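First chain A sits with chain B, and in the next complex the same chain sits with chain C.
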Partner chain A sequence: MALDRKIAYIDLSTGEIEIKPIPLDVRKKFLGGRGLDAYLLYNNKEQGCDPLARGNTLMISGGILTATCASATARTHVMAKSPLTGLLGSANMGGFFAPEMAWAGFHHLVIKGKAEKPVYLWIHNGEIEIRDAANLWGKTTTETQWAIREELGDDEIKSAVIGPAGENLVRFANVMTGIKNSAGRTGMGCVMGSKNLKAVAARGTMDIKIAHPVDALEYNKRFINQITSAKVNQTQGTLGTPFIWGATNSWGGIRTRNFQYNQCENADDIEPERIDEICEETMGPYHMTGCFGCQVHCRAQYKIPSGPYAGKYDEGPEYTSQGAFGGEPDCKNAVTVLTGNHLVDQYGMDNLETGSLISWAMELYELGIITSKDTDGLDLKFGNDEALLEMITRICYRDGWLADTLADGGIPASEKIGKDSFSYLIQVKGMSNLHSDERATPALALNIATGSRGSDHLRSRPAIDLYHLPEEVLRKIYSNPVPYDGPLSSEHTSYDGKPWMVFWQENCYMGVDCLCICKYHTTFLGATLPNFEDWTKVIYYNTGLDMTPKEIWDVAERCYNIERLFNLREGLQREDLKKGDTLNHRYYDEPCRRGAIDVIGATIDRKKFKKMIDEYYGHHGWDENGVPTPETLKRLGLDQEPSHLL
Partner chain B sequence: MEKVLMINYQKCTGCRLCELVCSVMHDGVSNPARSRIKVMKWEAEGLYIPMSCQQCEDAPCMNVCPVKAISRDEDLGFVMVDYVICIGCRSCVAVCPFGAMNYNSIDKKVFKCDLCGGDPQCVRFCEVNAIEYVDADRLSTFKKKDAAERLSVAQKEAGALQAAI
Partner chain C sequence: MAIDTEKLSGAESLRKTRTYGKVRCHNPSCMERLQPPAGADHIKCPTCGMEYRIYWVNPNLPRIRGPVWDVNRKLAEDKLASINKSKSKKAAKKGGD
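On to the complex of A and B.
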């Protein structure tokens, strides 16, 4: 049974390992994955402890559906206090790691303390061993994975690893598995590095009993049909996430030259069709690959066609890399984007954070806030592809003053650089924004301002707000499984009803992250995709757990509130520009300079935005400071936290 | 009509859903170690090749079995193991040139593809059609068509090249 997968507490300081079952009442309250991780983090980490200290607790987990007969149960969740933001650290990756860990008997790892020297964990059919990683230290992400397979003599081992960036405590280092699957935000790789934990390797051949196998198979087939019949997923399956680049850019939604423009001119070279063309010679016909059990297969495969890394195999680049290494630094060459993407994959570093911080530094360089003395002679101007690629490597190895400064993350860097540098830093809660420009879309701006892990598009983005769906369609989606009869607007420039959409999406994505399935399989980019009601069936057929859509909604709300409690405990304050639910002033003060008629001239209206946040807090049952009221906590059964149920 | 699995590895995305549904269909559990089909992977090159039983005519597993536990299903033509007779010596595993006869250390049994009784789940679930269930005597026709298409493309390219010169 999926429900009999265990939780393991691993103390790297003492070498003690304790394995426990996960009680059913805990499952019903938090399901698994991100939700249960949030509960464990809140219960296990001392308040205010330094993210890199022994007291920080790192969770690696699968969800309640991991490796069952449901579609794309591939996601691995990683959580700890973030060394980038000082608040909630939470990241999620695809690939094959969590299913392998589940077949090896485990759903959750709770890793405490710090090993004296580099180690890795070896998880195999119910057993966990701490092994020496001296030979692995210094290796890139893929080198590490292949070396573990060789050492243990099994090609089917799946590992979650860090690269040199995690070892060097770059504060936005990834945990990675496979070629490019990255738990890439909030610096979870840095936490692993701080614990001297190079990798977690898993291999399992233990049965996961399916509660109702015939129904599970049949329902999975239906579920897959629903997912693959959505046009958006069919397009993802041929072009990957870069398919949204062209339309978003011509509309005026691509942040360029840090925050100077909202459209990247002459950027056709980094369109996926063009990348396909130039990779034809090295890779053969354009080919896609997928995560465990997924029929969307959104990851492109490529070999770099030319330049110093010619012939290297990698996967992607995602839409994020197009922005981080193409749009934001204004380097619109396909080979640059492919190479940048390859470097961060090998180093194990967040592509988004890396590209955004370099672009920020480019703007500071242009303004004279930093000079060539600070860059060790590197001409860090916009559009300098070589400087961009050089900076990626320098940041990973903290080579030189500027790279070392940027490796500590945006806010500490701005404090070190001084002058007016902070006001140019496009971040929320210390984490850089995606290159999408949210000035014309108040709902999306609200989503990044309030996301529990800092600026983020996968926490609560109501992406379907951009589709101008008829109000009745929106109402059908957004008034389930709890009724909603407030305003809803089909207009993406409107402020009406958007707080509810953001609140609803938060719960939807929290549900997804508790099940550890992919967001392309729910109401994210497609309006017809499954959510709460469909999940009740998948959960029941696979695990036997009988829940109503409302009960799953309640789990999601409960878990989101725990994340909020954690953030408040670690110092979140509503109006704090560094740790609050706030936007950079440029969102309010600098109108969009390019794009379509509904975009050009757009800014976020301060007053209306404040009202939106009030309304959003109201939906949550939080007071005007964003603190859950005692009634809310009681309603969600959180009035006794930390309750140490596990 | 005898039908067989036709695998086109160039279409495979490496997701391993076939392994999952195979084990759920046969054993009611999720466990790739119980799957009759297996995707062999070279991840560093992005190459994935699903491997399954070829249902050989002159099947080595059938020939080697000392107790004649392996026979051919008369309706669907697949090679099958009779567990009442099987002594678990694993000679069939050793002799199979494709590695398609498996041994499962949980139940201590050899096991292999039985085409799910005529509705192979791996085929049903593979949306990219990397595995198809086709008439055995038409297998080569599909291959011919693929090869012909490649020739035709090559010819067009050569023509275009010549015109350019």
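On to the complex of A and C.
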């Protein structure tokens, strides 16, 4: 059956490998993917340990639907204590790796210890081997994947790898697969590097038995129709995710020049339509591609059209690269965005963190807090495309004082730089914010302040709040699968009902991450996309697991609370500006200066925001400090954790 | 659990709320639905005055590519000036600067 995939415990210090089944009762409590990883992390990591020490534990997983007939079950989840934040590390990537790992017999890897020299894991039809990676060390992410295929003689091998950034312990290094698919937040590649683990390679031909194959295929047609008929996915299939940046920039929700402006004006050359033109010019009319089992095809293919990297092939850029190498540093040149995207993909480095930290350094440079002596002569001004690209490479190789400082992440860098640098750092829990500006959107501000892995748009963002949907539509979405009759507002500038929307989205995204399907297939950017009710059918037909929408909701809530317990154990405190559910003071103190007429002047109201957090904690069953109450833990069956069931 | 081809899930039932051929004004307190003529490359919101460039994903699916930048800048500067004026008045009333 689909649920017979195993869990493997791999100790890189001793070379011991233990393979176990995943009991059905554990599945029912945590499903798989991110949810089960959270359980495993809470149970297997040494409390308070250094994220780069042997005591940190790294999980790599697929979800319970991975490699089944269900649509877009491509996601691979990676989790450990984050070397960037010191709290929960969690990242998720598309591509083809997790399905291959499932066909090779595994859903979860729990990797402990540290190898004495560089190694990689080779997973093949129920077996796991630790192999020498001396010849892979130093290679880029794509070079590594091809070298593994060549060494093992199979071009169908899929690998999750690190690049030079992970080897150099850049604290926001990615785990990557394919050309650009990145588990790219919270520095999971750095954890791999600290364990001398260069790659995990998988190849499998083991069947996955579908519980009800005819129904699964029949229902999937309906599911796919729902996905592909959505306007948002038709747009993504044409322009890719850059359309999100374009739309957000249009109304003034893009942070620019670090956080000085909320709109990148006259940015025609980096708008999605222009990037699409370059993709078409360099790759032809059919330049969109997709991940395993996905019909949306939001990933563009391109070659860099000019400059020192002209002719280099890459994929994307995602909207995050547009923000990181376009809007934030105010570099309005498509070639710069495409080149920056290519560099971080090859180095295996988080585009968001890289672009954000460089933009922060640019503001510090213009303010005189850092000088040309600190930058080794680089004129690190906003809009200096060459300086931006140079800094990306320097950070990867920790080349020079500033690059080495930034490679340790924003908070340690601010402590090293000193002066007033911290107050300009746009971060939550030590992780830089997405390139979006949430001053006009209280719901989105709440979402980034409370995200379990730091500032994050993929953990709880009620993006449909921006669509001005009628209240009855909002109520239809947000009152299922648990009833809610509190306030809901169609106005995205309002504070009313937003804590519930954020809470609901948290559970929705946790559900998606336990199934390991893509967020573009749920209530993220489209109001008419599937969620809990639809998932019950997909899960049942594919795996045979019969769950109600409410039971899936409960799993999601349980898993989110495990993440909260982990963060509290590692030092999260509500009001802590470095580890808490807080926002940078600029959200409250500096009004928006650009964008649509009624965005101008917007700030977050401090008192109302505090009330929102109280309300959000209340929905969770947490006390005023954000700690789950004993009643909540009991209700969710977490009162005995860590329980070491698995 | 048999497939009920008649019964729609909550998400499926919302399909009927989809609108085609229209975009929403990006101004938060406006959000007027605008229907650009087929193939049009820009549109002005009759309610709030914001002006947008239009891109067609397909012949039935327009999207706002972005604002018309000089109109956008002018509206922003006017609004900022008005906010600053109002702040100065309040400060003067309180006896501040």
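Quick note on the criterion: the second predicted complex is superposed on the first by the 641 of 646 C-alpha atoms of A that agree within 3 Å, B and C clash if a C-alpha of one lies under 4 Å from a C-alpha of the other, contacts with A are read in each partner's own complex, and residues count from 1 in each chain.
Following the convention adopted for this analysis, a contact is a pair of C-beta atoms (placed from the backbone, for glycine too) under 8 Å apart; a residue touches a chain by one contact, two chains touch by 3 or more.
If you're wondering where the values come from, they're calculated on a predicted model, not measured in any experiment.
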| item | value |
| --- | --- |
| Superposition on chain A - do chain B and chain C clash or fit | fit |
| Touched partner set for A:D207, first chain B, second chain C, both or neither | first |
| Contacts of A:C294 with chain B and chain C, given as first, second, both or neither | first |
| Contacts of A:T142 with chain B and chain C, given as first, second, both or neither | first |
| Angular separation of chain B and chain C about chain A, which is computed from CA centres of the superposed model and rounded to the nearest 10 ° | 90 |
| Chain B or chain C, by number of chain A residues touched | C |
| Contacts of A:D11 with chain B and chain C, given as first, second, both or neither | neither |
| Contacts of A:D132 with chain B and chain C, given as first, second, both or neither | neither |
| Contacts of A:D399 with chain B and chain C, given as first, second, both or neither | neither |
| Contacts of A:T228 with chain B and chain C, given as first, second, both or neither | first |
| Closest Cα approach, chain C to chain B, once both complexes are overlaid on chain A (Å) | 15 |
| Interface residues of chain A shared between complexes with chain B and chain C | none |
| Sites on chain B touched by chain A in the complex | 10, 13-17, 20-21, 24-25, 27-34, 41, 43-46, 48, 105-106, 121, 124-125, 127-128 |
| Chain B partner contacts - residues on chain A that touch it in the complex | 67-69, 96, 103, 142, 146, 155, 178-179, 205-210, 213, 216-217, 220-221, 224, 228, 285, 287-295, 297, 301, 313, 315 |
| Chain C-touching residues of chain A, taken from the complex the two chains share | 215, 218-219, 222, 226, 229-231, 234-235, 238-239, 243, 246-247, 249-251, 265-268, 271, 273, 440, 467-468, 470, 473, 476-477, 480, 491-493, 523, 527-531, 533-534, 536-537, 540-541, 546, 591, 593-601 |
| Footprint of chain A on chain C - complex, ascending | 1-3, 9-15, 17-18, 20, 24, 26-31, 48-50, 52, 55, 57-58, 61, 63-67, 69, 72-73, 75-76, 79-80, 83 |
